[in-house]
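For reference, chains read A, B, C, D, E, F, G and H in written order, and residue numbers begin at 1 within each chain.
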Amino acid sequence: MPEKTEKQIVFDKVKDTPPLAVSLYTMDYNKTGSWRNVRPVIDYEKCTGCMTCWKFCPEPAIDAEKYEEDGKEKYKPVIDYEYCKGCGICWVECPVEGAIYTEEEGE
Amino acid sequence: MPEKTEKQIVFDKVKDTPPLAVSLYTMDYNKTGSWRNVRPVIDYEKCTGCMTCWKFCPEPAIDAEKYEEDGKEKYKPVIDYEYCKGCGICWVECPVEGAIYTEEEGE
Amino acid sequence: MKLTIPEEEIMGHGHLACQGCGGALAMRYTLKTLGRNTVLSVPACCWSVIDGPFPHSAVNIPVFHTAFEAAASTASGIKAGFEIQGKDVNVVAWAGDGGTYDIGIQALSGAAERNDDILYICYDNEAYMNTGVQRSGSTPLKAWTTTTPVAHPKDRPKKDLISIMAAHRMPYIATASVAYPEDLTEKLEKAKSIKGTRFLLIFSPCPPGWRADPKNTVKLARLAVETKVFNLLEIENGLDWRITKKIRKPKPVIEYLKLQGRFRHLTEDDVSLIQENVEKEWNILMNKVGE
Amino acid sequence: MKLTIPEEEIMGHGHLACQGCGGALAMRYTLKTLGRNTVLSVPACCWSVIDGPFPHSAVNIPVFHTAFEAAASTASGIKAGFEIQGKDVNVVAWAGDGGTYDIGIQALSGAAERNDDILYICYDNEAYMNTGVQRSGSTPLKAWTTTTPVAHPKDRPKKDLISIMAAHRMPYIATASVAYPEDLTEKLEKAKSIKGTRFLLIFSPCPPGWRADPKNTVKLARLAVETKVFNLLEIENGLDWRITKKIRKPKPVIEYLKLQGRFRHLTEDDVSLIQENVEKEWNILMNKVGE
Amino acid sequence: MRKVMIGNHALSYGAKISRAQVIPAYPITPQTEVVELLSEMCANGEMDAKFIKVESEHSAMTASIGASATGARVFTATSAQGLALMHEVLHWAVGARTPIVMGNINRAMAPPWTIWTEQTDSLAQRDTGWMQLYAQNSQEVLDSVIQAYKVAEAVQIPAMVILAAFVLSHTSEAVELPEQGKVDEFLPPYEPEYRIDPANPHAFGGLTGPDGYFELRYQIQKAIEDALPKWDEVGAEFGEVFGRKYGLIETYKVEDAKNLIISSATLASTARTAVDTLREKGEKVGLLRIRIFRPFPSAQIRSILSSVDRAVVVDRNISFGASGIFYQEVKAAVYNEKNPPPIFGVIAGIGGRDVTKKDIIDIYEDIMRMDEPKSDIIWKGVRL
Amino acid sequence: MRKVMIGNHALSYGAKISRAQVIPAYPITPQTEVVELLSEMCANGEMDAKFIKVESEHSAMTASIGASATGARVFTATSAQGLALMHEVLHWAVGARTPIVMGNINRAMAPPWTIWTEQTDSLAQRDTGWMQLYAQNSQEVLDSVIQAYKVAEAVQIPAMVILAAFVLSHTSEAVELPEQGKVDEFLPPYEPEYRIDPANPHAFGGLTGPDGYFELRYQIQKAIEDALPKWDEVGAEFGEVFGRKYGLIETYKVEDAKNLIISSATLASTARTAVDTLREKGEKVGLLRIRIFRPFPSAQIRSILSSVDRAVVVDRNISFGASGIFYQEVKAAVYNEKNPPPIFGVIAGIGGRDVTKKDIIDIYEDIMRMDEPKSDIIWKGVRL
Amino acid sequence: MVEIRLHGRGGQGTVVAAKILAAATAKEGKYVQAFPEYGVERRGAPVKAFIRIDDGIIYIKSKIYEPDHLVILEPALIGVIDMTYGLKEGGWIVVNSNKNPEEMKFDGNFKIATVPATKIALKHHLGSQSSPIVNTAILGGVVKILGLCKLETLTETVKELVPIKEDENVAATLEAFELTKGGE
Amino acid sequence: MVEIRLHGRGGQGTVVAAKILAAATAKEGKYVQAFPEYGVERRGAPVKAFIRIDDGIIYIKSKIYEPDHLVILEPALIGVIDMTYGLKEGGWIVVNSNKNPEEMKFDGNFKIATVPATKIALKHHLGSQSSPIVNTAILGGVVKILGLCKLETLTETVKELVPIKEDENVAATLEAFELTKGGE
């Protein structure tokens, strides 16, 4: 399995470079949260856990957190701001008014 | 219009050769009658002048000779043995039994 | 509650797709469904970039980057290589519309004619996006692109690739949309279970290319279906056509068009023409579906 | 008596086609009908040889020999060149089935998508003949070729190119046969009168490639129609299908097959299978024709 | 008129002002701006030309050939993968003697995917018979398109105008746009001896046996040899009309030079600044920029090299299993001279790795410390 | 076992005995017999291989690359137009480090259409990174396929085995078929370090910036340099096992030679008979046949040339605007030597024009009468 | 020769800013180069552009490693990416900010100027609320501070080179010229 | 070295004849080359093939211009094309004919042998009436006259290399060996 890494890997020397361009690491180093202009925030008071936001996030930057409630398995959406690009799909697609609201990223 | 020639043209010198491979002559030099094993012969006694043979000759090696009869324009098929390859289509397609018969080309 | 699509994320984050990329969503769903015993043959397209720079990759399954025109033939080769070594792997050609409708159609047509055992997926964003929005055979009538400027927008309709593929009598063909992941998942499952050449077209909006707001990606994909601009189908053996998402009350196309800058220049007449075409194509389709 | 096809011979004799070449016949008819204000874009195929060696040519109209895969695109370029110089000329791409079904399909598909104003004619002899009889996408099911040896004859049906082209919604598509020159002439006339991309498929038996007697070329072409192995059609705008030669009492396919060495190895079961396919395809066609 | 534009647009304006009539083209980074601007100008009527939006570069080139064979003036542009995809039909354009002018943006070849500059894509076409011109700035790009048509149509051999990806293609510089009227005078309409014409029918390119082919190829070689003086003539005439003179090669401070740096394109441009600095340090160094690579200006290079003690060729390209390509060709050209100087070959800047003035100075100084060229490749900039 | 076969079938048997596993191929004259026999052998079970009947050479090569990347042993074959159509993806096979072995039948490029022999088709691929081997007879063809796999897989660079159209491809000669068991020992199964494998997922060939590309290319160059000794080693080992020894170059009567004829492939074979005749006339002449053209055996050629007074390279190919390609490369390789001999360059046999023993003798005698090489090309056989 | 580096985000018009400035100085007879740090430009992702200005032909064709000055269109990136690398000592940093120059913190010995470019752009409806296009505004500040060309030449060039809203852009440039702080 | 040229028509098996003869002599330890005059082979059209036989490796790879002997499979071509060009003086012409050698006329000083190959081929049902395949028959005559290998070696090779009707072909070869006239 490919390795995760916090920094973009650039091989310093020929001898460290593989003989052909094969990937050895994930893209996790690339914190695309910095691309975000607008930040989605989930209001768990309103959220019904329908997971529509999770379903449609292209990054994926929403985790489906499993938990149990009343003996039933349930899911809760948790936005990963390290990667959320702020596209806005989740707040457009969320069926519950106000369950996701937005904040400007700023200076 | 391209020139007819009795001999295959091969340019003897660079200076005679055009700057690119353009055709300047027809293929008439290529007497494909020599390819023929079997020779079709039209029996004009039987031939009705329907011109089916002319229609289907792939060379073309059957000429449609126009003539007038009873004030009407008619056609007569004439095989050009210089080019007839002896494929046999004409005698297979001729609708009149015996209007085209065959002879072996031989030693 | 049960999740309506597979839970496991095989595609990782940190990838280089734009905000709201439909093509990224399409990949996410595809990998979820096909699983890890899958390899991708990817020609030049946005996904050559999205996946990330050497030595990184976002997808966590083998990706073989190949020449623009060679998604299908490379996949055929990969499959043959696995077969002769006795390995059973899902071999997927993953290409954009340019790599499918235009420069890659020959290799695709060849693979389909031979019925090579590959799944060909085209994520369709209706233009050459990776090179900055030029027209492709998939670009719809009247749309703006950088090579179909507003002074002379696209004068040809979108190529009817599905009918072209159907004429190849492939065992399985389907269309899908990133707005309907459950439908897509089902079709992928089905495609996976069939041997021979299978073809899947995934409608995947591209915010920068369509001059659309990234937040509307799923909305646009849904509107395309709801307006019958893009229909969700399944075709078996090129002959049995079936609609998998029936639209009872289609919305007017303008609802779909007005959210996209690439259609900003349209006149009312243009819109009517497009609406008429949609009706016409729907009737043609109904004929094939036999309804 | 009036001749049933144009009298003037534009194609000259002395050409290098084999005895009884269907492709030569096809060219003869085509030039008769299109006349001298015509140019041909010819990719690699038997006709690259038939026309004769430099500095000779058998056809007496301009022929531009081009790369195997480039009949259509070269024709598009020629047409554009004439147009910008204000010249009105019939520009014809003239290709074999290999150059059309296989290696040339991309350029053809591209031209059709753009609706470039060219007439594309494929003389179909169902294999790569110029290189000595290898299978093409057009080779029929179970046929022998040197790359589909008797131990393993062609395992795929003939590609349904006509439906593929129809899906391109070209203004005009037709099939024709060297056994029906009057029908062919009519279709050529019609094609000539239409603007945009037009496609014509001419069934053209090849005696050496089919292991058939040269004298049976026209007979075989006729039998293909009479057995419904090859149907004479016309399609307008990809949608209106019409049969131009109705066969009331079709003959059994065996009459067609038995005259050809390439089918010599067929078992009775094979023949039944082929017969069944013919019926099946006929029904599919009837569906399209709307009968 | 002076206009700040990227190198790619200089190419487009070059085609426009040369009155290109047919433009079959296909997009590829980093060439897209060339075709976008041209398709815009065709759409809005600024150009009287037919733009064919082909489905691949292969079709771009074959459509170009077809159009050119009718006597139309044809332009296209591409890069790297696109150029390589045309390879078969690049040979075709030469054999068919169609004087197409094509822009190529030098980008390194995949895999791995990359879009940055390197010359291997175009140099790998060196055996197709296309003329090749490596430009060093946007002005030269535009001027060269005009000159390329003039030379290409005179000798009936197609020509490529080549520019470095990004370094030139996407760099904005001020460019003087020549007057249309003057260009029309300089470059009259194209009138070929043989063209596709129903009134005068020929078959083009029919089967040719061993008894005819050789003479046709010989003529291609002669034609491209004729192009050698032609490039200089046309470049001089251009200078007279438009005030900017060009030649097969360009030299800088070679008159009294003992040592020579040889390079091409933007590398040569940067090297010029290195020469200045080295001269300041007291080095007797000069610069030879090879502008036209095909036909190869052997005689010109020989004459410059005859008076120096050593030379170094800096290549942004590689022929695997051999060496840098300019290096190889320069050596071959000079080989049979009496006492030719040792020539060193450096490969630098592969895949768009930047080559700075300091890099060139380092290269020069390293070479001066060596006794003789010990290997066919001296690497510069690779992280060993 | 000894069998009379055409050169094309020697290629097919070479692939068979090397246990090629995937064969994507497309027919073209004069290569068709290669694929016909292979498809026959795949169909009747003589070979355990998958034959993919692709729709073009472009797909033949991309399917080859895909299959090779999974770790399968891959063979294909083509000629001229087909090879040229692969050009983009020939670069690909090298960048992807897929050790495909391909047969190429040297045929002259169109237009005009022609099918006769000339080496420009394959030599125009000299900058793609493929190894190239020019064979002189059918036995060498078969033997070379086996050796090519061994070298290619060791260095992970694809290789072409090249033969002259008709002169070799369609000429029947007696060929010794090696024993399968011995070949299996000589050439063990292919086991690459990286392969497409879902159990160990990698992306192959992803976007690489200027900070990574150079080092990857450097490694390709190093790998192909490693192939130089490897070809000699493998050729020697082959000699031990099968009794026929091969090397990068082959020499004939060079020990005491004052003058040298340099050529390749079947031309070199014919030249050998010319050397015998010239020796009888008292000429101190030797022959150097270049067998491996990529990687170019510069050191080997230098060492032979160091002891002669003059040399002539006979090329059956041309790089328009330059010269014969072997000529160019030989000169470049020898350039920096002390007092290298004058080298003359002759172009002959273009487009399949026959080159006889007498032609070679004439060439030699003409060259001996000249003072020095006055031009880059001396034409032989063109009808001026 | 003056060398300048610009930092912004994909979608903000950073590359166009460089081109406008180059074109404006060229109008006054300078030789110029303007080029992007070419890579994958994605909306929202960090981008760079470069300018060279000189009195004679610029032969150097390599990148700029040690710019004389810095222009920051997107202050949100400060801290996220290293912005001042290579910047020559004593060089100017012209940054889009509502703050006073003294409030901006950069490691190193640089002169700082601030331009409230976002505020100005929003006021003139350039771009959207969430992604304002600040390039023409910031240039007003750049010219004020670095004085590379006359203000009229700049506004003239802005008019020619922006695709839409010429007047609003010119107004933004002029307003920015006024509101720029630093260098007094 | 012996060099032979064969003349026939496309479809008659001329090239195969050359290959069989080469293979047969190779079996007896000779080095051989057999090759067609490559061009466009069409059924019915004239074709040529060539053979070289020697005791050592044959390095020469050019065509044969001055053959030692000639083999004519298709007598109908005599007069239509020039057959004897380049043929060495005193060389044999082995021609398919029912006539006696004396009746055959060729300009030049050659030795002539005739083989009734067509008749023999027809008798053994090799090929069709209108295009009999005469190659295996004529070889019987060639070996009789030129003695390049043993008759058994030839028939063995014929058996191996003809695709169908092995026995009929062998019988034709044997019969031709008997019926060949000339060289007694």
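In this text, a contact is a pair of C-beta atoms (placed from the backbone, for glycine too) under 8 Å apart; a residue touches a chain by one contact, two chains touch by 3 or more.
Model, not experiment: these values are computed from the prediction.
> With one step meaning two chains touch, work out the least steps from chain D to chain H.
Tracing touching chains, the least step count from chain D to chain H comes to 1.
> Counting only C-beta pairs in contact, which pair of chains has the most of them?
E-F
> Please identify which chain has its centre, taken as the mean of its CA atoms, farthest from the centre of chain G.
Comparing chain centres, H lies farthest from chain G.
> Centre to centre, by mean C-alpha position, how many angstrom separate chain D and chain G?
63
> What is the distance, in whole Å, between the centres of chain B and chain C, each centre taken as the mean of its C-alpha atoms?
56
> For chain C and chain G, what's the span in angstrom between their mean Cα positions?
That gives a centre separation of 40 Å.
> Return the distance between the CA-based centres of chain B and chain G, expressed in whole Å.
Taking the mean C-alpha position of each chain, the two centres sit 80 Å apart.
> What positions in chain A touch 2 or more of the other chains?
Residue numbers touching two or more other chains: 1-2, 11, 13-14, 18, 20-24, 32, 35, 85-86.
> What parts of chain D, by residue number, touch at least two of the other chains?
Answer for chain D, listing residues that touch two or more other chains: 16-19, 48-49, 51-57, 60, 63, 65, 67, 69, 102-103, 105-106, 109-110, 113-114, 137, 207, 214.
> Mind pulling the residue numbers of chain H that touch at least two other chains?
Correct list: 40, 42-44.
> Throw together a list of every chain pair that touches.
Every pair of chains in contact is listed here: A-C, A-E, A-F, A-G, B-D, B-E, B-F, B-H, C-D, C-E, C-F, C-G, D-E, D-F, D-H, E-F, E-G, F-H.
> For a test of understanding, state which residues of chain A touch chain C in their complex under the given definition.
Residues 1-2, 5, 8-9, 11, 18, 21-32, 35, 49-51, 54-56, 58-61, 64, 72-75, 80, 83, 85-89, 91-93 of chain A touch chain C in their complex.
> Quick check: in the complex, which residue numbers of chain F touch chain A?
Residue positions touching the partner: 95-97, 156, 193-194, 201-206, 208, 211-212, 215-216, 218-219, 223.
> Per the contact definition, I'd like the list of chain B residues that touch chain E in the complex.
1-2, 10-11, 13-14, 17-24
> Once bound in the complex, which stretches of chain D touch chain F?
44, 48-49, 54, 65, 67-69, 102-103, 105, 128, 130-132, 134-135, 137, 146-149, 151-152
> Taking the complex as given, what residues does chain H use to touch chain B?
Contacts found on chain H: 9, 42-46, 75-77, 80-81, 97-98, 130-131.
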